[in-house]
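So, here's a batch of structures to check.
Heads up, the next two complexes both have chain A, just with different partners, chain B and then chain C.
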Partner chain A sequence: MAVEHYWAPTSLSDALEHLRGGDVTVLAGGTDLMPQTQAGRVSLERGLLNVRRVAELHRIERVDGAVRIGALCTITEIMRDPLVGEHFAMLADACDHFASDQLRNAATIGGNVCNASPAGDTLVPLLVLDAEAELASKPGARVERRRVPLADFFVGPGRTRRAPDELLCAIRLPLPPPGFVGRFFKFGTRPALDIAAISIGIGGVRDGRTLVQARVAYGAVAAVPLRARRTEAALEGAALDAATADGVAATARDEVRPIDDLRASAWYRKELVFNMTRRILHDVAEA
Partner chain B sequence: MKVIEKSTLIGKRIAKLDAPEKAAGMTRYVHDLDLPGQLHARILRSTRVHARIKRIDTRRARALAGVHAVLTAADVPYQRPLGVGKDQLPLKGDKVRSLRDEIAAVAADTEAIAEAALALIDVEYEDLPTLTDPADALKPGAPVIHGETLASPAPHDALKPGEPGDAEAHRHNVAMTFDYAQGDLAAGEAESDVIVDDWFRLHYVTHCCMGVSGIIAEFDRSGNLTLHSNTQVPFLHKREFAEILGMDPGRIRIIQPPIGGGFGSKLDIYPFEPICVFLAKATRRPVKLVFSREEEFIASPTRQPVLLRLRSGAKKDGTLTFRDCETLHDNGAYTSWGATTPFVMMQTISSLYRVPHCKYHTTAVYTNNPYAGSFRGYGNLQATFAVEQQIDELAEKLGIDPLEMRLKNAQDPGEITPQGMHFQTCGLKECLRTAAEVSDYRARHAAALAAQHSPQRYKRGVGMASMLHVGGGAKIYPSDGCGTILKIDDFAHVTLITGASEIGQGSETVLAQLVCEELGIPLDTVSVVNNDTDITPWDVGVHASRTTFIGGNSAIGAARKAKAKVLAAAAKTTGIPEAELELRAGHIVRTATGEALVSLAKLLRSLHFSDKAELVMTTFYYEPPSKHQDKSFKGDVSAAYAWATQVVEVEVDTDTGVVRLLKVTGAHDVGRVLNRLGIEGQIEGGIVMGQGYAITEDLMVDGGVVRNPGFRDYKLVTAPEIPEMEVRFIETMDGEGPQGAKGVGEAPAICIAAATANAICNATGVRIRELPFTPEKVYRALHRAGVPAGPTGGD
Partner chain C sequence: MSLKREIGFLLNGVETHATVPVDLSALSMLRDLLGLTGTKYACGEGECGACTIVVDGVSTCSCLQFAVDCDGRTLTTIEGVAGDPLGAKIEQAFVDCGAVQCGFCTPGMVVQAKHFLETHPQPTRDEIKRGIEGNLCRCTGYVKIIDAIEAASRADR
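Let's turn to the complex of A and B:
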């Protein structure tokens, strides 16, 4: 379908009014949307809504007990942000493995989240960091907002719980508890310009030889970026020794549900999940 | 007295003449050319792998505003078969045999309109059983890809090597066969103390030229055709186009805009080229056709995939006894140069190291897969992959150091191999010793062997491989020559008009350099004209690493004739005998003292504006002293042979299967270094191309469908993956070469995969005989062999 309307509002309120009419495609960085439409995998709706000029979506700010990252913040901006660097190093690390410099300069975190690729590079650390998606809509005169835990946000490849009249405004990350350690690992075949064959995020609070409040997530091993609850349970409070690492890694290998595709077979993905989970746990134990 | 010291450009670091334009983005490739009145073309390709075409309906496309022509096979009754095998028509009318097959073409005001018109063409197919595994091609009952009789090709010289299959062979899916033998295989087996016998599987990769395929065709009102073409073989193409189009070759002019990479991909004629001409003819307008990147992946040639069985034997002391090689080439749907790679492969089997007894056989079979063309190295990467792995295997079985094993069997200068190749110069032993010494091969190899069973996550190893390749042209065609026209104007500015094409390899720079060396003039006083068949003299084309050697000798020949004229005139003017004069820095000097007698420009003007009224213009045609092979593939086919040894150091991550190249050490017998900067770039680029072949690049063809037609999933090597490289040049001063040089354009890409395989084996004890060494493939091989992933904390 040909695009009939193009809007580039500067306020959130205006943007949401355009969305309310329905049949609208949202454009932010365009790094997923453009190739997808050109390849014919996504067709543009009648209305094209460029949200890039909505300044209030383009901020990183500290709010009580959390950091709010505006949906329009680019991967480069997040990678270099001091607040992110101080509290969410694993997110900055993931940004440093994201595509190429050119793409990082254009791609936004909101786009990465809404594109909902199981292999999306920022999604695994965001899950480990207990992120929430902040959504806004304007059904009537007022802008209404709601928050959805990211672990519940993804429904399937390219599908989320965002309603058609909603815009993702920000990602909200609670400040991690003291003693929090986090690790991110992305496996691709080369250092840059690659889509993850698998990615792993592990976080928790060091308590002596154990890890508590353990959170584990995997990318590219299921229809959605996966928060691995059974693996977390196996890890929670267990002594960080070789036997635990083996057991947790084996649980993870059972819990993930990868497929065969161009990048890797399901079997190999499971092997990587096992080997690298074990390796990361060892690394955390040594830290 | 003004004194000019003798100086030389040979071996200096000289920037490519076209570098400033290219670096500034100002080079005008075919993509950047637009002619007045030009239309844009797009091609409709098959959506089926193997099917009969029942009906093509172009009515809706023709009705679209802005469309000037829509052509199908029915609209071009005069089209004739093209390509190496002459087994396809540009536009397919009866059936399609692969996904790249051309069904219709559109010329329109814009590319977007042409693209939109394609979507309006309805094609009705009747699917046929498909044949996509070459191993099935010869089985009884296999689908037949070319059962029908094609329109007979026009009479044609026997330009191509090999035995093209006849109609009967085609009915059994055999496109071509090659057979070669030397010595007595049974005797070789009988005297062997050890024999190794393995299968090797070589995959599809493609050239990935930065500039995608493209052409502009235009007719003038007298019926003369001008093609703006990226071809590597303009003079052969004149002839091929004439044949396909039923034209007088004299009416075809080929102009090559700067070419964005060739690497062998532009050696054959492909359907899109005559299709563009058909459209220009139909519309009486210039027509431009440029591929999309996706189309480039799907419809440009690949490197030849090969299933290869090699048996090799050796005596206890390490002396090689025999090689027996059999290959199955997946020809794809049509026959291009890929099918003829045995021509080079058998040279490696018979003559890379001394082997008294050899047998070689290839069957190239038709399938519904993409078809392979020529690609830098031309079968040699495939053959070397097998041969050099088996050298290591034999050495291991015999308990001999792999370097010693190679030295023991390496050729010496002066040797004539049973296949008839005469190595006037041969630096193989020096290559082996130098590469081993610079890379510390022995110590590292021994250390890795000792650490093979240690529980480390990361394992390191070194591997070695050598190669032999033609370095003085290859006499495949009736002539392997190159012509030069050289003129010097009144200001001592030289125009070098050469048949040798520039495809990014740096030929115009090195040819200019050789002329300057002869004429004693600075580089910035030479212009090179090399891209217009109406102007330049004949050349067979850019292939077989021949341009520096053949084009260089031709340029030197013309320059020497010019020099003789100039010195004769100078002798008359100065009264000093010619033998005591030289050209240096744009002057005629007295050789003994360096005294500048007269500037070259002044001398030329006095020659021009005297009563003799003479301009200095010379011509030269160089034909190398090589020989055609006889029917049994024996003969000294090249005027010189290039050698190299490369040592690769790898690190294997046993947790993931990732293989990282840490360092490549190369020792290359290049005859002599002419342009040091140019040859370094060519060797380094070739190493990286070899690295891509070995580790990252994989054109995934599944059921005839290319699964990864884009750079997202077709993995070229990126900058951080490029290893440290240390390259040494072995200068054997070839007697026939220009200033002693040999051609080495293909050489650096040839050994990397073989050396990497040997290095992985040295690191892990696991030998992998299938490319590429992607993480999953390596991990599976390690896993199957019982190599555990690194235990936690093991490193």
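Let's turn to the complex of A and C:
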């Protein structure tokens, strides 16, 4: 379909009014949209809504008990942000493993979340950090907002629970409990410009020899970035020793549902999940 | 036919206007509409860095940037680099160190090096390697490019 309208509003309210009309493609950094449209995998809708000039979507701020990262913040901005560095080191770490400088400077966190690739680099740490997606729409006179836990947000590759008239405004991250330890690991074949063959995020609170409030997520091993509830249950409260690490890693290998593709076979991904989960748990035990 | 939009921006210090289809890339606008062919088209999908430009102070792949989104922004391309003291120093260092073979990656490398040195004035070699991780070179094996960026960072220090 040919594009008939282009808007670059500066206020959220205006942006949402354009979105309400339907048949609209949202444009942020364009690093997914440009290659997808050029290759013909995605066609632009009748309206193209460039949200990059909506300043209120471009802030990182403390709100009570949480940090709100605006959807337009770039990967570079998040990587360098002091609040993120202090409270969400594993997210900064994932940003550091993202593509290249040029890509990090353009790519936004909102685009990464809404593109909903099972391999999206920020998604695994966001799941471990119990992130929520903050969505806004304007069905009538007023802007309405709702929050969806990120663990429920992804439906399939490229598909989310965002309604067509909604804009992702921010990602909200609750401040982690005291004693929280988080680790992110991305496996690719080279350090730069590589989409993850698998990625792993593990977090929890150290309590003596055990990890409690354990949270585990995997990237590129299922149709959506996966919060691994069975693996979490196996890890919760267990002594962090070699036997636990083996057991938890085996549960994870069983829980993930990878496919064969050009980056890795399903078998290889499962073995990576097993070995790397074990390795990270050893690392967490030493922390 | 795609919808077109008239946009205005500062390009290498010059107020510039263009009428662009809304789905056009900034790279195509620069090369095909404005005739600035220093910025190279290679992969067209963000993997090689040959199309690197600076937009509002940060480097980006112009092949991924929507041209319409350049409206109101400040752009620097390789054509604007020589006029800047740091840019001129980098270009000279590339020549002195033999960091150019076929030269196809060079404009992107130089623009990225300039952006990198602006934020890392005294880099280590490892930092330089990370700084240019988004730029591919098929000829030089990178050593001389890293030498050149290092030399530029040392010049008149």
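Please note the rule applied: the second predicted complex is superposed on the first by the 287 of 287 C-alpha atoms of A that agree within 3 Å, B and C clash if a C-alpha of one lies under 4 Å from a C-alpha of the other, contacts with A are read in each partner's own complex, and residues count from 1 in each chain.
Here, contacts are C-beta pairs under 8 Å (C-beta built on N, C-alpha and C of every residue); 3 or more make two chains touch, one makes a residue touch a chain.
Quantities reported herein were computed from a predicted structural model and do not represent experimental measurements.
In the superposed model, A:264 makes contact with chain B only, not with chain C. With both structures placed on the common chain, the touch criterion links A:192 to chain B and to chain C. Once the two complexes are overlaid on the shared chain, A:48 sits against chain C while remaining clear of chain B.
In the superposition on chain A, A:272 makes contact with chain B only, not with chain C. When the shared chain is aligned, chain C comes close enough to touch A:106, but chain B does not. Shared interface residues of chain A, touching chain B in one complex and chain C in the other, are 191-193. The part of chain B that touches chain A in the complex is made up of residues 457, 655-656, 658, 696, 700, 707-708, 712-713, 715, 717-718, 720-721, 774-776, 779-780, 783, 789-790, 792-793. Contact residues of chain A toward chain B in the complex are 187, 189-195, 242, 245-246, 262-265, 268, 271-272, 275-276, 278-279, 281-282, 286. Within the complex formed with chain C, the chain A residues making contact are 2-6, 8, 27, 29-31, 33-35, 37-39, 44, 48, 50, 52, 76, 99-103, 105-106, 191-193. Across the complex, chain A is touched by residues 1-3, 5, 22-23, 25, 44-47, 49, 52, 58-61, 63-66, 68-69, 71, 112, 115-116, 130-131, 133-135 of chain C.
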